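I have placed the structure first, in the form of structure tokens, so that the comments after it can refer back to it.
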């Protein structure tokens, strides 16, 4: 071993000794509450779901749980219902995530401006969110109702024939998307608004002086500096879009003809209605893996670039 | 020429989008049941009535629900913020091995659909003797909000110029003091945002609240409000009235908080 | 092209008046330097010109048109921010290029301009860095560069060289001067550096408490400061100001200062007036030879403190008690580096009569020369 | 002191009445305390709630009031305990007196799992005033109904008025709606072995009947969105000539302050298909014993009390709920409350 | 109390070496000034001392103990950040008070100290403002104040006065000097201001490319710059450096510069060596009288440019073609303000032999004096 390598080694040793130890031990203590919470609340349930996914546990069957290896997963892969639900869920994601991002960004930009409409905008920004999720779907089911819905009332007034939105597959998809975007844009807007507030005013000033138009300022200053917030909003919005349950369920119960059945609805019916816990767990794990796969792209970006 | 109206139209659409359902609920809360079944539908209440509000308060202990929801939401928010602050600081400012892994693990929590975790969660809470208490909700809510709150806080901590924190440490702060006295106040918009996220999540949540906290005395709002419905009836007017009662304090609370958050908290601190 | 006229500009933050009654006409291509004590409103004035701050009163007229309401981006001005305001997410290159690319300058031209500016500012090796990885002076140079690459009609500089070393500062100063001569654009420049102010300015505006205290060429400002404030502010060490009691000669054509008769008949001085006498440190000589025989005031003094600066030495001298109350004064003298004095040393200092500045003690204004004067002046 | 906890879902199941019964029981059984838990109004939410608890083998409820559709699942999952050990011969009388449907549902795989609590059935409500005005007698068959509705609709010419309001949303009520004409053809969906055995032609006819009603505009097109409450509201608002709904709706039509059809409501049995029999859908609630109860014997005793004819009579009289026992339908007092 | 010793300190960011082999022993109570071109590593060095940055190599020894691993707060040092690093959410008062209150100083004492510092820094009317509502110079003063109120054992200043006007800068400089004399704490001070460096320093360290190029008293640095870099860096305008071909006299005791014989026998000069001749602008005289009869080099020159600075004038002169390649040189001369020259004017400049600096042309190092010298020197 030459001297240089030795001194490197020594340096590394030193570096990892004193201040690092105190920093990483502080890191440990700071992470502890979060870790404890997780250990207490999440570890067992998640482990149980994963465990159950390898068993055949149907509460309807007389026999007890039996280890079946990957057969639940294999079944899932072969199950056309699963594929249909995956397709629908992803379609929902593809529309509602960008949709909510766009609406949320618009709201956040409006709410961040120094103008007299700021207060109403901020209210508009959070009202959809303040209406509990359990009721949001119902309200929109009502809005899109053929007879009693506001949307059809407007259509009628405009001279169109009413549309049974929730009974026709394509329309019901649209209705669910609208409701979802409406409900979730608040979340996005709030995070983006917070992100906007960290951008120093002087940068806008500098850009304005350099002759940038509003759009250029937005494109070259606001947007890049908003990226971390955007990533956060994206990650969580995507995850929750993949888990869409309440709104589609309240609006169509997965109908018409299971067309709007999301993965979560499918899991719910499987595990709770049909009490097929093993299969349901396997589906839950698959949903988890899907979420992981999709959000890992963002995550990498997040801790490479932004964080 | 074309740009300006376009912007205004976009703004108007966004505003209507935000307001309409809430306004509709407000209007409904003044309608009578039968009015809802009329076709063509009515927009303004034909026979405005406050009965629904009376019912909202008399049929169910609405104030109790409000109080419960508030307590649960507040406590879980505080717990989340506490845990998330530490985690976010460790993630952003401290030397931490496997930072990426920690981050991923944290976010992964959010990826399990809560419905599937319900039964084991129930068992845990029963084991802790927390079933039908605030605790049964506070803990899981805190965990639910932990990932997003941590990331929001982390992104704010990241924005605080390092030298300001350095100055604090030179002034004699420990890392922790620098966190609580300098970094945290400078991240106020992030703290408030994380707080609001956690609070509203707790305020909104239904499924866990139904399963883990069914005792009449500690019931939260979403569960409580659904009790207005009968087996077959869904009395929108009364429920709307209850929703209005539930939304107004929340909206006021959030707006108050938001208005206190001024942007550009770190301006003037650093040259360059 | 760009004549700028500020008319009774006023600005206040909350209750505090920051600027008041700023009147300033700037010819096209002129180089105006703003100086003034810290917090007097220089940056605010620049920001109002750039459109970043709104004036509460008055007008900014550019080429005959009021631009009070014109948004910054339509003003086509370049500003070097006092606190840089670099884009943290862009590399140095992109920081420099942004203003050009935003206006659709062809890529190649951008590259060429940016590289030229970077070369000039000695930033070339740093072009791919982000601002966070730069030293203070490097950041400041990026801030300058961002303005220089622009093809603006008006250049505003807010203490652009404050964090650079003397050598670089000299080079940069030259570059700015050269640029000004080449493109002939109007420039407004805030600085605390005497040398910059004196060498760059066509005219200097001295601001105090939000007002323009004096506006004039560097020579005017230096040689005929309008007020004691200006006198004390410009020049380092600053002018020595002595509140002196005057005795008058019988014909009121000369006054007795420290027992010596000094002719004052060229001044609009009033026998009742209390006066302040100003003496620049560099006009205090300790060897008579330097005076070349000019009439001079001679005072005895003791050296209290010497500060050798290399090229020169600043000596703090206590005047010897010649008359009743002269002993309270200390003055600073600027002596050539080779002239050796030592603390405690007694000496006689001499100030040519022509180099005495006379101010009204109460208002601090310069006492004007008589329009029709039978001056009895210096060589 | 023994504490028995009873789950009675929502307000529709009248926990107040059962509280009164529980008080009686407490009075006669010192040392036993009854607590009533509630928490979810609809049978779906109740099921969600209970399935979490029972899945977790939670002993916090001893007795459960279940929607009639649930016991089968709960029993196969092993969540509720058979009652046979606690009911010797009584079992026979209970079964004999119950409405026929309960004979099927109370027994699961030959074991007694549940006891009847309250019952409900679907009825055809109609606008007495409108029918009288147009001189039409209450219809006995679907065709009569269709004609009546069409006539009245034409003459009233009120765009808001619907012929028949019936549930079509994917809820239990819809299954009932579908089954009404099906049953009316004398068919059953379960064969004698309890297997699903749909008689296809009959089912088809049943569907055709509904489609016909829709085509004739007797039923509005959006029927697939209509839920029970919608029917109630539509009828209450005076916007339907006929409505099919559960027994509880009677109270709503006659008593709610915003009802515009007070005193104008008539009720008849559900029409039959041409040449068929009248059939109706029965719903109701049943008592079950949680398998995780720590006081099974005591609970069973309490259930016995709850299911006793006296208790049921009390509930019927106080709550205007349909009793699950045949003999009670002959009771004069009972007939006074329920038409 | 606080003797500080830096031993072979090194630091790099990514691949770039920022500091290397910094050796520096600082006595207790010493006032060290660091100077050097922008980006040379001055701030980095201060930050390493304060514990904000970790050295990659070497040791920081405080009172005999290595403090490399000591966290900042335990070092009890006060640092004026180059970028201020004020607490934006605290008022000026709280910014100043924070360091005291965090260490548990009694309230009353805090109040007293803060008010005293605010008075000194002319911040009293601003105590309730937040930093965002301050001008650049005011912010800088808060940053200074935050360090001054502290009872630190070591004070680090990173260009603390760069954004203040000349007058305030002079006052602040005096205050810092006074503070140093009163409390006698070790101070390390980065500045680009010649005057500050010369007046404040016990010793100056000139840093270039992350190395200490010369360490010495102000006089040493100024009068005997160790390298052409130091020579060019200290002094403004900087020393004129002329790469000259030398002809030697037969005895190698004198050399011919521009045809004139200059004695060099006091120097360790080597006939093969290429040399660089250094002449400070203030040593260029245009009237023979100023030389007081010293032996001098005389060169003909034409005035190219004059920059009047008030007290003095900087003249850029082109040397007249006396020998083959002298005409390529311009030199800057610092003339007293009253000496009037005008562009185009022909004159003879004179530089005393004693004021000539000799450097090795290749390495740029000063050519040392002979230890045993029969010097033939200046008066």
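Every chain is named by a letter (A, B, C, D and E) in the order it is written, and numbering of its residues begins at 1.
By definition in this document, a contact is a pair of C-beta atoms (placed from the backbone, for glycine too) under 8 Å apart; a residue touches a chain by one contact, two chains touch by 3 or more.
Just so we're clear, the structure is a prediction, and the values are computed from it rather than from any experiment.
Counting C-beta pairs in contact across B-E and across B-D gives the higher total for B-D.
The rotation relating subunit C to subunit E, fitted on Cα atoms, comes to 180°, given as a multiple of 5. Here the CA centre of subunit D is 96 Å from the CA centre of subunit E. Subunit C and subunit E have CA centres that are 23 Å apart.
Once the centre of each chain is set as its mean CA position, subunit B and subunit C turn out to be 57 Å apart. Note: centroid distance subunit B to subunit D, computed from Cα atoms, is 39 Å.
Counting partner chains per residue, subunit B has residues 36-37, 39-40, 119-120, 123, 226, 234, 264-267, 270-272 touching two or more of them.
In subunit D, 48, 55, 230 are the positions where the chain touches two or more neighbouring chains simultaneously.
For subunit E, the set of residues that touch two or more other chains comprises 71, 82-83, 133-134, 136.
Those residues of subunit C that touch subunit A in the shared complex are 50-52, 71-73, 75-79, 81, 83, 85-89, 98-99, 102-103, 146, 150. Residue ranges of subunit D in contact with subunit B, taken from their complex: 9-13, 37-43, 45, 48-49, 52-53, 55-56, 58, 60, 159-160, 173, 227-230, 232-239, 245-246, 248-249, 252, 256-260. Only residues 20, 23-24, 26-34, 37-38, 40-42, 44-46, 48-49, 103, 106-107, 110, 112, 117, 119-136, 138-140, 142-143, 147-150, 153, 156, 182, 185-187, 190-191, 193-202, 228-229, 232, 235-236, 239-240, 242-243, 245-246, 264, 267-268, 271-272, 280-281, 284, 287-288, 291-292, 295-296, 299-300, 302-303, 306-307 of subunit A touch subunit B when the two sit together in their complex. Of all residues in subunit B, those touching subunit E in their complex are 161, 163-164, 166-174, 177, 181-182, 185-186, 188, 264-272.
Contact residues of subunit B toward subunit A in the complex are 10-11, 14-15, 17-19, 21-22, 24-25, 36-37, 39-41, 43, 79, 82-87, 89-92, 94-97, 99-100, 102-104, 106-113, 115-117, 119-121, 123-124, 139-140, 142-143, 146-148, 150-152, 154-156, 158-159, 175-176, 189-190, 192-193, 196-197, 200, 203-206, 221-222, 225-226, 234, 236, 239, 243, 246-247, 250-251, 254-255, 258-259, 261-267.
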